[in-house]
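What follows is a pair of complexes built around chain A, which joins chain B in one and chain C in the other.
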Partner chain A sequence: MAKRSIFLYLAIAVAIVWSIFPIYWFCRMAFLTPNEIRLFPQPFVPHVFELGTLYNIFGYDYEYAAGFVSGASGQSNQIIRGVFNGLFMSGIVTVITLFIVVPLAYVFARMEFRHKEKLLFAVLLAVALPPVSTLIPFYSMYVQLGLNGTRFGLIVVTLTITVPFVAWMLIGYFRNLPPIERLARIDGYSRTSCLLTLILPLAKSGIAVAAVIAFLFSWNEYTYALVLVNGTSANTLPTAISGFLGQYPEPGNLAASVIVTIIPPALFAYFLQRHVTEMSLVDPVR
Partner chain B sequence: MAKIDLVKLRKTFGAYVAVEGLDLKINDGEFLIMLGPSGCGKTTTLNMIAGLESATAGDILFDNVNVTDVPPHERNVAMVFQSSLLYPHISVRRNIETSLRHTTISDAERKRRIAEAAKMLEIEPFMDKLPGQLSGGQRQRVATAKAIVREPSVFLLDEPLSALDAALRLSLRSELVNLQKRLGTTTVFVTHDQVEAMTMGDRIAVMNSGRLEQIGTPDEIYNSPSTVFVAGFLGSPPMNLLEGDLAGGFFRRGGLAVPVQGPGGKVTLGVRPQDVVVTEATAPGALPVTVYAVEHLGRESVLIADDEHGSKVRALVAPGWHARVGEKLGIVPDPARCLLFDTNGARIYETVARAA
Partner chain C sequence: MAVGSAGQAIQASTPSRKPRREMSDTRFAFLIGLPVLVFLVLVVAYPLGYAIYMSLHQIVFFGGYRANFVGLKNFIDVWSDKSFINAIWITLRFTVTSVVLTMILGLCLASIMNQRIRMAGLVRTLLFLPWCVSSYAAGLMFGQLLRGQTGILTTISFAFGGTQGVDLMGRATVVEVLAVANAWLMSPLVAFFLLANMKTIPKRLYDLAAIDRLTRWETFRYVTLPPLQFTLFVFASITTVLSMKMFDMILIMTGGGPGTASATLTYQIYKRSFKDLNLGYGAAMSFYLLFFILGATFLIYLVWGRRVSR
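Entry: the complex of A and B
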């Protein structure tokens, strides 16, 4: 037993380092002053904790305590727009995804109908399709329709990723719910009222997790955004961040932007951890 | 209260026939058990009575009113599902209340019924808990309370005790029978457990492969099975079923000769383990067997032996009885207690024991 627990703790330690180390790395970079960042080797821990880079990426100059001033980043317009566009579009994508996927997943998971297997296969095939494979067709179609560089266009494309993926996840979840429909029919619930008043409250953990996943997919989406909206008024945060890697790299500002990027997922993870563990670790039954 | 008539009921799922030509009359106030192995169509039949499955053909009548196309909640039935299914996310009280959604009774009456059911089933202490916080037995009681508050004309129970441990099952068995007798509600109870069937039912309907094999009181089913399937399905240890030939007033199988009369030809002889005598291997007319195992059950012991054709034969012996594995013995059935079945599995009733 002791032997097993040593390996268990070792595995946990590796997993923690694996996930924490990158966060440490860019947090450190965000807090290093422009001078320190040019040093070699760089300090392991920043000496001063000043939020200069965070000011810079949102378009403000910042005067460090040491006396020098770091100027506002030229990318700040893109970053600010990226945050608002990202929140707005991810919110809309999440809502639309849930409206489509919850009924769809319920029907696939709990009812029998003709050609179900084939249709299910079609849904799942979309999950397996790499975004790159549809990128060029979407781009040429969007140019002709005038949808490139628009929020609407990016929302539609993002839905083609979130809908099949979240459906695939929720179908499995709905399948594992107890068969209360039979009970509901004896009690005189219609199919619709059974879904709305019994299944939805019962499945709220799964639906909450589905919402988070849809939001994060949309928030993190890079491939389509890079091609369809980068550099326009509809740009998102990931594409804006990639701008820091251009001709004049600004590693400090890049790291600060990454911190901004992980705030929404971190908040979700914190507030929904109960649902997430409930969904993945235990059977939702009873 | 209602009597139920099933008339030529048939249910198919695609090419698979689940229930075929089922005619069944369930009397008012009766506790009827539907017994059979899994896949025999008993649960499908129950679902059709409830209205959860539509019948492919045939009619279902409650008190001579055809309800074949009536939706479940308008049939005034209550159902307890396998492993006592409840809504897991709402409290016990609200679970019970949902049973009364479609009734037009007053609030006071509603409260009275719920309180009464809670008292009857002793679930008052956990009315505000979630089903997940209850034990299996408590959940079973809640499911029963949910069923009785509706004051239904028919109770339908689908293996409600199958997920419980043996001791609990024993006590809930008598509890359910007692409740049913007090309420006098027509009850259909589906099970694959023959002990439940024998102990609980007024009558037992034995089903096999979608067909009704036999319906009768537990005594009739046990002592006078009408088919070889019923004979083999009920009884523990099971009845010995020996294939052989009937000719010249004897049933013969190898060395075994039993003096019984009936139409000649190939038949199956059925005899319960308590109706055979264990003798010397050389006894005339005895079935020569080789001891395979002896099971001691305390009050009695069961000898399990192989006959010459390799079939297992069981005999009830006295508790202290011993035999070596591999020992040669003889088994002599009591001709008066033997049943004969033809090659289709149907009972040959004109069997008479002959004085040897």
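Entry: the complex of A and C
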């Protein structure tokens, strides 16, 4: 038994290191002084722990204990706007996606109707479309419609990614739920109340996962945002960050803003992982 | 399905007890599904149509914008293009490595999370973290981690008295490095769905396996793995699609380089369309990519999905 638990804890340790080390190695740069960043080879851990760069990216100067001052980043306006835009748009996209996808996935997973295969293929087609090939058409369409650089425009584009993708995942999930609504239908429940009062509570965990996935897709969407809203008042955090990659790279600030992008999804994930265990309550009736 | 038809049979046999008239399943499905599909068709069909239009034309920007109709020329020319053939090969290598790694890693992570351990919530959150990282940030991270100039291997090698940097982003290994980064990014998602599935395996089966004195490997192989088949199949297809579409990570991590060593199809499309401004040619390539993605998904369904989806 003791041998087994040593092996298990070793496996856990390896898995944790594998998962967080790449994040650590990059985000550590936020705490390196400019001189340390230029070292070769790079140090394993920062020698001082100061949050200077986090102040900088939000537009404040910071005086290090060593005496020098690092100035506020010129990119700070974009970063702050990116955080608010990102939270706002990802929130809206998540809500709309769930409203659309949950009934859709339920219907596709649980009901038999004509043309179902063709409609499923349409969903698959929408998932398979690579963003690279729809970029130019979207761009030209948006210029004509005047949607370029608007939040509304980006929300619509993001929905075209999240809706098919989340639908695909949820269809599989709904198929595995026990078919209790058949019994409820015999008892005289309408379809809508079946969905609202029986399926939704039962599928809570899957829907929670779907919500996180929609949020993450929207929050992290880069390709479309770069072309459609970069540099406008609707820019998101990823595009704001790409500013640090350009002519005057500032690795410290770059790392600090990457930390900022990870925090909201990580919090979200922390609340998600409880729901995942609750799936065990579902008894598989086959 | 047996339950379903029985339920319908009962409904049909007792029409008088129905409180009110209800629409058929088909109509209900269309009522819910149609608005979404109309939205998708409107928003996706226009770009798709536009891309077809572009792929049939040669679009010239210099000396005034012109679009000359060239028929299927772009689609045919692509096949005599070395960079296109090279891109197919690289995409294949990248996708296969990514998917295999992702599935194995997903299974490992899920098995670990399925154990009863202290602070399970914290462990799960930590293991989920990579999925919170966006693909462009993952590109930044792995570039930083494995490049000779800034990488961990260089630091380690110097700590042990080495004098040279270790660079994994060279021509020989760059595709595999990209695939590892991609697998790192996608495996938590797979692991979480697998974990959710593992939680539905009745504990009784494990007790029986213990009575039969199965080894740990045999228990995993014959008790845990079979119920996961369908989820594994679904996620093999999803990760295949995601890998073949992967673009921003590759752009940021390697920019298709060194040379064209990591220029996947998505990168070639980007290069043709945005750098060379050869929009028609790029659009034609992107249709091949679309066909490859659909073909790969269909292939996985044929060889695997048909067996496991009941």
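The rule we apply is simple: the second predicted complex is superposed on the first by the 257 of 286 C-alpha atoms of A that agree within 3 Å, B and C clash if a C-alpha of one lies under 4 Å from a C-alpha of the other, contacts with A are read in each partner's own complex, and residues count from 1 in each chain.
What we mean here is this: a residue touches a chain if its C-beta (ideal position, glycine included) is under 8 Å from a C-beta of that chain, and two chains touch if they have at least 3 such contacts.
Predicted model only: the values in this text are computed from it and were never measured.
After overlaying the two complexes on the shared chain, residue contacts for A:Arg182 are found with chain B and with chain C alike.
Contact with neither chain B nor chain C is seen for A:Val48 once the two complexes are overlaid on the shared chain.
By the touch criterion defined above, A:Ile6 reaches neither chain B nor chain C. Touch criterion met: A:Thr223 reaches chain C, while chain B stays clear of it. Here chain B and chain C are compared by how many residues of chain A each touches, and C touches more. Contacts of A:Leu196 after superposition on the shared chain: neither chain B nor chain C is touched.
Applying the stated contact rule after C-alpha superposition, one finds that A:Leu124 touches chain C and leaves chain B untouched.
Once the two complexes are overlaid on chain A, the chain A residues touched by chain B in the first and by chain C in the second are 179, 182-183, 185-186, 188. Taken in their complex, chain A has these residues touching chain B: 178-180, 182-183, 185-189, 198, 201-202, 285-286.
On the chain A side of its complex with chain C, the touching residues are 8, 11-12, 15-16, 18-23, 25-26, 29, 40-44, 100-101, 103-104, 106-108, 111-114, 116, 119, 122-138, 140-141, 156-157, 159-160, 163-164, 168-169, 172, 176, 179, 182-183, 185-186, 188, 190-191, 205-206, 209, 213, 216, 219-220, 222-223, 238, 241-242, 245, 254, 258, 261-262, 265-266, 268-270, 272-274, 276-277, 279-280, 282-284.
Against chain A, in their complex, chain C makes its touches with residues 3-4, 6-7, 10-11, 17-19, 22, 25-26, 28-30, 32-33, 36-37, 39-41, 43-44, 46-51, 54, 108-109, 112, 115, 117, 121, 123-138, 140-142, 144-145, 149-152, 154-155, 157-159, 165, 181, 184, 188-189, 192-193, 195-197, 199-200, 202, 230-231, 234, 238, 241, 244-245, 247-248, 252, 266, 269-270, 273, 279, 282-283, 286-287, 289-290, 293-294, 297.
By the touch criterion stated above, chain B contacts chain A in their complex at residues 50-52, 71-74, 77-79, 81, 85-90, 98-99, 101-102, 131-132.
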